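Please go over the structures that come below.
In the two complexes below, subunit A is the common chain; its partner is subunit B in one and subunit C in the other.
Take a look at the complex of A and B:
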């Protein structure tokens, strides 16, 4: 057998196999258990340790590409927060359309299920241009920062919750941010949570996750969820399996396929090298 | 004067903001900073206009001079003009404008991001070869993290997710801290050069 060819398998074959390995588990789940990481547990605990009725600021700073990884985090957060009668105030700084819409859809779904009312238990302030300046204004005056309206343009006077939330400095207990880039957790950290000494937690797409670890170690982030795996762990902690856990089998099969191809590529490489050495 | 004025404006603004931040001017200082933040927001809006003008100039140039792949520039220009007209007529939250954004822009974004997954797989297959010690370290770390990030890793090698956590928490954190510190110091140095007028390439006049 010509082992060297293992290095040069037609890449289209890899693509088809990867696609099949990702799709099949979605229809035929394996249901492998997911171990809980320390960082995910910290996220759950920092929210669980808040007094009942606290105000959590949630910023869904995502774009369309990463949304499937981060949406389950918002759903699980809403479930945990509403269970503790916490209030949610939402923004979305990364994408003007996807962030606010997905934030609304995912919180609204849980709110309907748990009997929570828009304007009383949660509000979506939506997207505002120039996150840094907006955050700095909202530190002392949330209403001025968002122009006095929510994401649909409804005046904030209409919402009882917003009578209570006038400034992040005095009225918000924790900030939960999903992150795919900038603006994201680093912007919140620089302009809001570090100057005000407020706890910051949330989740990042897996590609960004390695970049947040040193902030978790320094205590600037109170744990952080990493990609779909982090979302799945958080869902498990909240006790309500959702999209995160259902995507884990596809992730498992995808990773295994890549590892198999890595192995084949390296076998081919070593066979070719030993053949060259012999010659 | 065309060269000096922007430099002067940058220096004055930078020193003003720094003075407001580093010294306590009481309520006047706080009000000034708040006002400056609003100015930043307004300036930002102008940057978008500038972006649109630059975009049009670049792509119009490609089409007029029939540069390679100029057809794509035609598509880009048509897309921008159409979107602008529809949004101006229909409103930012208008039905057609939102439909276009959600069903064209967002879908393209999602599709491109999803394609990245396939590219990463093929890149890993082609390039992750155990050629030397450095490549070996990279390969072993990648394999461990891929196994650690998927539940099947723990099913095959129980406890491997803890190894993945350690890699992220210790060697990765150490590396990232070094990178962040280096980038931070570099950004400070570059900013000081801009404020003092030593770095002038942003004015279009070279350094």
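Take a look at the complex of A and C:
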């Protein structure tokens, strides 16, 4: 057998096989179990332990690329928060084009379903340039930090919730951040949560999974939702399966396929090497 | 209208994916469409949410003319287009970098110190022993002022290097998982939201 061929399979064939392996479970769900990790449980519990009516600051710091991983987290957060009559104040510092819209769409969907009103129960402040400076100002004056308007340019005077939320220091109980990089956890930690000693939790793209472990260990981050898997676990905890859980079968099959090809490639490499050594 | 949005999204996704076969006109069109829309929307959003409230409402409306100072410093960046006066644009960059560096230096210790404190713990469990051993070996690996050509120093440095390799492997595995999640998101738009083939 020509083992070297295993190392040089046409990449387009791999794409098609991986795509097929991911599409099939979407048509015929396998229902693979999703165990809930300790980190996801911590996120759920830190929100669950807040007093009813608390104000949660949610920053959806993402762009279109990683939105499929992070959007389900926002939906599940809105469901848990509104169930506890918590208020949500949102920002989106990563991408001015889609961040604020994604935040609005995913909270609005749940808000309408649960009879929550924009301006009373939640507000979207959107994107502001220079996240660090904006966060620093918002610590003591949210209105000044965002220029006195929400994401559509509507003055904050119009929203009863914003009469209550004047500064992060005094009026916000928890920061929930979903992020794909910078600005992200580190930025919020540096300028807001560490100086104010406020709890910080949230989720991130799985690309950041290894990079946040030390923040969890040191207690600076109260739990962590890792990518689509974390979103699926959080949806289970909130008790409302959504986009996260529906994608888990496809993701598991995708992983298995990647692993199989990884093994085949390595078998090909070692067999070809031993054959060459013999010759 | 929402359905039209999903159809457009699906078409754009497929045009972008066509790059996997080879670079082609459809992919290039999707790429230009994305860049054009992002820039256009970015400008409109900046005017509506950043500039209007500060210039019209706060400066002219409320008389906060002090905002003129940072605005003027910011405008200096456009001197890069004025031949012979390009150096003026550096003033804007100097203010920006000076502010950023000062800010970061002032606030960063609050973020990193808890992690330093967290690495001082009792060695009373396997986890803690491994953690301590890895922290010290990785720190040793990055000390370049001492020669580590042979003996214990070299071996310990190698352990630090292997620990780093494990961390990079873990990060790479996470990235692969993340990319698959992104494909699922796009598949859901095509198969569920647009074609209604799956639930």
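The criterion applied here is as follows: the second predicted complex is superposed on the first by the 279 of 279 C-alpha atoms of A that agree within 3 Å, B and C clash if a C-alpha of one lies under 4 Å from a C-alpha of the other, contacts with A are read in each partner's own complex, and residues count from 1 in each chain.
The rule is simple: a residue touches a chain if its C-beta (ideal position, glycine included) is under 8 Å from a C-beta of that chain, and two chains touch if they have at least 3 such contacts.
The model shown is predicted, which means the values in this text are computed figures rather than measured ones.
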Which superposed partner A:196 touches (first subunit B, second subunit C, both, neither): neither
First, second, both or neither for A:261, with subunit B first and subunit C second: first
Touching partner for A:66 - first (subunit B), second (subunit C), both, neither: both
Touched partner set for A:148, first subunit B, second subunit C, both or neither: second
Touching partner for A:134 - first (subunit B), second (subunit C), both, neither: first
Which superposed partner A:37 touches (first subunit B, second subunit C, both, neither): first
First, second, both or neither for A:272, with subunit B first and subunit C second: neither
Contacts of A:251 with subunit B and subunit C, given as first, second, both or neither: both
Subunit B versus subunit C as contact partner of A:24, first or second or both or neither: neither
Doubly contacted residues of subunit A, that is, touched by subunit B and again by subunit C: 15, 18, 65-67, 97, 129, 132-133, 136, 153, 206, 209-211, 214, 217, 226-227, 229, 251, 254-255, 258
Residues of subunit C that touch subunit A when the two form their complex: 20-21, 37-38, 41-42, 45-46, 48-50, 52-54, 57-58, 99-100, 103-104, 107-108, 110-111, 114-115, 117-118, 167, 170-171, 174-178, 180-188, 191-192, 197-199
Interface residues, subunit A side, partner subunit C - complex: 12, 15, 18-19, 22-23, 26-27, 65-69, 71, 96-97, 126-129, 132-133, 136, 147-149, 151-153, 155, 186, 189-191, 194-195, 205-211, 214-215, 217-220, 226-229, 243, 246-247, 250-251, 254-255, 258
Subunit A partner contacts - residues on subunit B that touch it in the complex: 33-34, 37-38, 40-41, 44-45, 93, 98, 101-102, 105-107, 109-110, 112-114, 117-118, 121-122, 124-126, 128-131, 139, 142-143, 146-147, 149-155, 161, 165, 168-169, 172-174, 176-177, 180
Complex interface listing, subunit A residues touching subunit B: 9, 11, 14-15, 18, 32-35, 37-39, 63-67, 97-98, 101, 129-130, 132-134, 136-137, 140, 153, 206, 209-211, 213-214, 216-217, 226-227, 229, 248-249, 251-259, 261-262, 264-266, 269-270
